[in-house]
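Multiple structures are listed underneath, in structure tokens.
In the two complexes that follow, chain A is the common piece, with chain B as its partner first and chain C second.
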Partner chain A sequence: MWSLELFTQALIAGVVIGVIYALMALGITFIYSIVKMINWSMGEFYMLGSYAQYLIVAYWLGPDLWYVAAILSAATVFFVGWLIEPILIKPMFTGGIERRDDYATVVTIALLLLLRNLATAISGPYQRTPGSNLPGVMLGPLPESGARFAAFLAALAAIALFTFLLKRTWLGLALRATSQSRVGAQTAGVDVLSLDKIAFGIGVGLAGLAGALLAPVFMVYPTDGVVTTTKGFEIIVIGGLGSVPGALIAGVALGVAESLGATFIASAYQNAYGFVLLLLVLALRPSGLFGERLRQA
Partner chain B sequence: MHRICRVAAFAAIFLLAGGFGFVPAHAQEPVTIGLVVPLSPPGDPTAGQLIRRGAELALDYYNGKGGVLGGRKLQLSVQDSQGRPEGGVAAYRRVVGEDKAVAVTGFFHSSVNIAANEVAKSMGVPTIGTQTSAADITAKHYEVAFRTHLIDPLRVAAWLEFMQKKGFKRVSMVAETSDYGVGLITETDRQIKEKKLPIELQTLTFDRTSTDLTPQLLQVKAFKPDLLVNVGVGAPMDLMIEQAATLAITPAVPMLVSYDAPIRPQFWQLHPNTGDKLYFIAYYSPKQTLSEIGTWFTKAYEEKYKESPVYSSLNGFGDVAIVAQAVEQAKSTDPKAIIQSLENGKFAFWSSGDVTFPNADGVFWHNFSPPVLILQFQRPGQDWKEAEVAYESGK
Partner chain C sequence: MNGAAPILETRGLSKRFGGFLANDAIDLSISAGEIRGIIGPNGAGKSTLINLMTGVLQPNSGDVLLAGESLVGRKPHEIARKGLVRSFQVSRIFGNLSLLDNLRAPLLAAVSTRDVRAEGVAKAHRLLERLGLARLADAPAKTLSGGQRVLLQAAAGFMMPSLSCYLLDEPFAGVNPVIKDQLIELIEEESRARGLTFVIVSHEMAVMRRLCRKVTVLIQGRIVAEGSLDEIASRADVIAAYLGRSFA
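So, the complex of A and B:
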């Protein structure tokens, strides 16, 4: 059913969803680049952000102040991450643990199960939505919901702000130094362990922001972060682990591949097109589009 | 010495007989009924909770009357299938293998029921599908497989008749890639061809874990249908309602939801602006006549939950009631005897009239189907009990 209008609509829809996916991937890739670990419970921090947004909007601020709620939700998730890091992640560096990757995997999967089950126990398994009063918009030929368009713009703004923080502030400089060499940063007087706490908080805070922004679009329930996390991991492999521009470009590429594939090839395999893209990238550039090859002695 | 021997023999017989009542020791053991329901996504947890509510009240009913088999209480072993076939198989094994359930019910997702039936075939403990409609559940003619829900061919026949009555000529079906979704697409296509109906059908599928259905709905929009059939279950069903409205497909194109999810209490909280004029399949109307136990259940449910029961709860109650009656009629907890009892007996259900499970042909094997209704909301926030009956099977 080819037509230029349908192609344009599918392309725009892919770009919009891709930017939102990228926000999620940014948190994963950022935590990896600083703390050198994969946080498997990112989806649950996304879920915490979505529940926070729901509670703040539904019981306190109302849908008109959704943006204030999103900032508060992201801040709440940042704070939760900031509190959790010294308990669960810090022992990786201070507890004499030899196999850090295994430790991080076990600890974050345990955290995933704990948070997901807590959400089910406290709120029940039901779907909820904070609702949105934003009017729909036309993106060229594509009608788009106000909530999704707002999430798209907010995701772009968050990515820009994050890039500014990394490139133009002392904190960003310290974070970049730590991501290049933890020992080198320590030698220069950077308190790397404190920085880990901030980096973990910022990373999960970005996931929480994605959850808050998407709460009125994809609804709120205990496992709402699963899909977005899967996409996030696909994106960091495509874009290159630790690369911010890579996350954004790979997010858009993934969104467009899924949208065009599902529209013009077969809709049933919507989630598979991303993996095809991932395999292609791995075959041509094993370190991802923007990833750096590591030399091993 | 002889006297001591006699006393010892008497004591041994007394103990073996279980005391003065000569009741066997196991007589006081509760009878376990397995309940395999979706309690977390990607299954439909709301359905799971509603079925569980009904099943628990069935226990209250029978235990309040003294239990079964002369005083044995009923108990549930509840397991979460997550709506996944592998989850359902593990849950079935657990309730049968560890908790010694005499029958397993509660099934909501067809793919879970189909997978569990394969294990049930070898473990021998019967299953009763509570809200599963795929043909294969009973069409395979397994001795252990029973069902009290609307089957696909009847559901499809109903909506095709409805489409004919309304004059819908171009119909889009967007379905999840599960036994339920794909089964409904296949059956609709088959019946359209078999009956030579003047309906042009567009079929699209999506993975159940998908959250963005824009690509599918863009194709629907380009097709310009008269009706959109929403064959999502749980969150995808809700997402399709919202995303179809965003793309300005609905309300210009009416939507038919393939099951009775819109009767749930949270429906209008999720869709305050997009649920209006929606058609949906239902299997129960508060106006229909209920049986004696159905009337008891409705009252007990309203007292306990401060709301009216819906079909999922009614069927959850009815299926546990059927197992309780089958145990009584079999006078045994042996699964083989229970299967015989289910095949040959008559059972009181929540609806009026007895339920039977005849060894009938094809998909009607071991099957009891409720009547099918298509309801339509007339205004936002409308109580489903006041929704207009747009179609009723047999009328």
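So, the complex of A and C:
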């Protein structure tokens, strides 16, 4: 049932959710760029962010101060990542480990199991919500929930801040240089091992922020990060691993593909449309839209 | 040993890779302000020596001293911050960063001192101007030609705020004569203006003769000769080793 209004609605809804998913993808791709590893426990850092948001809103600040709670939640997750990195990830570079990818995979999957089971043990399997009292808004023809629109705006602000940090600050220069060449950065006097801590913290902090922002939209429970993390990985494959603009554009593309597919084909297969897009990109451009082919040295 | 105090020294520096002794008890003493050449056939251990001095590799025994202070056990970034800076044989420029950012990166070593950084950015512009790369300041470094990359990498070393001793590993390899001249002039200028010390590993004998009053010959991990290039070139054992002949 084609109509321009329906199309516009689906388009806007897709952009809104796509930008929030992009936050997750940015976290994954950012950690990969600096620390050269895939963090498979991103969904659990998302989950930590969602629980932090729930606890802060429900027991302390209340739903009116959701944005303060989101900042605190993201900061908490940053701090957790900053603490965990030197214990779990740093040995990848200092422990004489030869197969770093395998090491990172095993360690982060172990962390995933630990955090997920800890959450179940502590909070039980119940679904919770911090609630939101933001009024619904009209985005053109699309009625959107206040919480979802607020999450969209906050995600945009976070992405802008992240871009500013990367492009305009000395820390950003150190991060960009390290992502290009760890050896080159060391030669320039950059302490890459301390930078790893900050980068890992920022990366999981972005996942935590996504979790905090989506806490009132979806529910809060021990495996609530799975869907968003799956989207995050789809997005970085579509956009190209290591590319910041790729994560943004692919995030929106994925959101729009799922939204249009759900509206005009069948809503039951919403999660499949992103994979169709992913397969198409892999078939046409295996390194992703903005990915660079790895040079074999 | 000559009069000036050594700024860079190695004492009995040895590095073993499995059964292969890449550096065998290297004693090297380089005076402040000197431009020292290191030559030797492929596999002589020249790059290993540089990697040992800059903390990329750890020695099995021996010591490296910068202005009297031991560097063994220090991390590469700490050694760079102390003023012992290196360039790589294979260019390590940041391809996706602009030329200007490539030159700003070494300023990160100056721990957030505003003046040093502001001054440094002005210096980066001067260096780009000097090397004829000013109009490319905002272009990504990966768009440069091979020779221009060599210049950019060398220039990045001069940006290190604490630079006192600069190790250049094969800076002239595969570089066209015009760029080679530019690089030589840059080294001579910085040497005169700042009294910097250089250690240059190279196969280019003409360049070595022009730049270095003293050259060290490394063969099979050992120092076999030291002196002016002309002195060394007349020694039968050096020639034999270079040409791969056994001593007759």
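FYI, the second predicted complex is superposed on the first by the 296 of 297 C-alpha atoms of A that agree within 3 Å, B and C clash if a C-alpha of one lies under 4 Å from a C-alpha of the other, contacts with A are read in each partner's own complex, and residues count from 1 in each chain.
Basically, a residue touches a chain if its C-beta (ideal position, glycine included) is under 8 Å from a C-beta of that chain, and two chains touch if they have at least 3 such contacts.
If you're wondering where the values come from, they're calculated on a predicted model, not measured in any experiment.
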item: If touched residues of chain A are counted for chain B and for chain C, the larger one; value: B
item: First (chain B), second (chain C), both or neither touched by A:Glu258; value: first
item: Which superposed partner A:Thr169 touches (first chain B, second chain C, both, neither); value: neither
item: Touched partner set for A:Arg128, first chain B, second chain C, both or neither; value: first
item: Which superposed partner A:Pro143 touches (first chain B, second chain C, both, neither); value: first
item: Residues on chain A lying within both footprints (that of chain B and that of chain C); value: none
item: Of all residues in chain B, those that touch chain A in their complex; value: 39-42, 45-46, 48-49, 177, 204-207, 209-212, 214-216, 218-219, 222-223, 234-235, 238-239, 242-243, 246-248, 266, 269-270, 272
item: Residue ranges of chain A touching chain C (in the complex, touch as defined); value: 170, 173-174, 176-177, 180-181, 183-193
item: Of chain C, residues touching chain A in the complex; value: 54, 56, 75-78, 80-81, 85-86, 88, 92-97, 101, 104-109, 112, 117, 156, 160
item: Chain B partner contacts - residues on chain A that touch it in the complex; value: 1, 3, 5-6, 9-10, 13, 17, 120, 124-129, 131, 136, 142-145, 148, 218-219, 221-224, 226-228, 258-263, 267-271
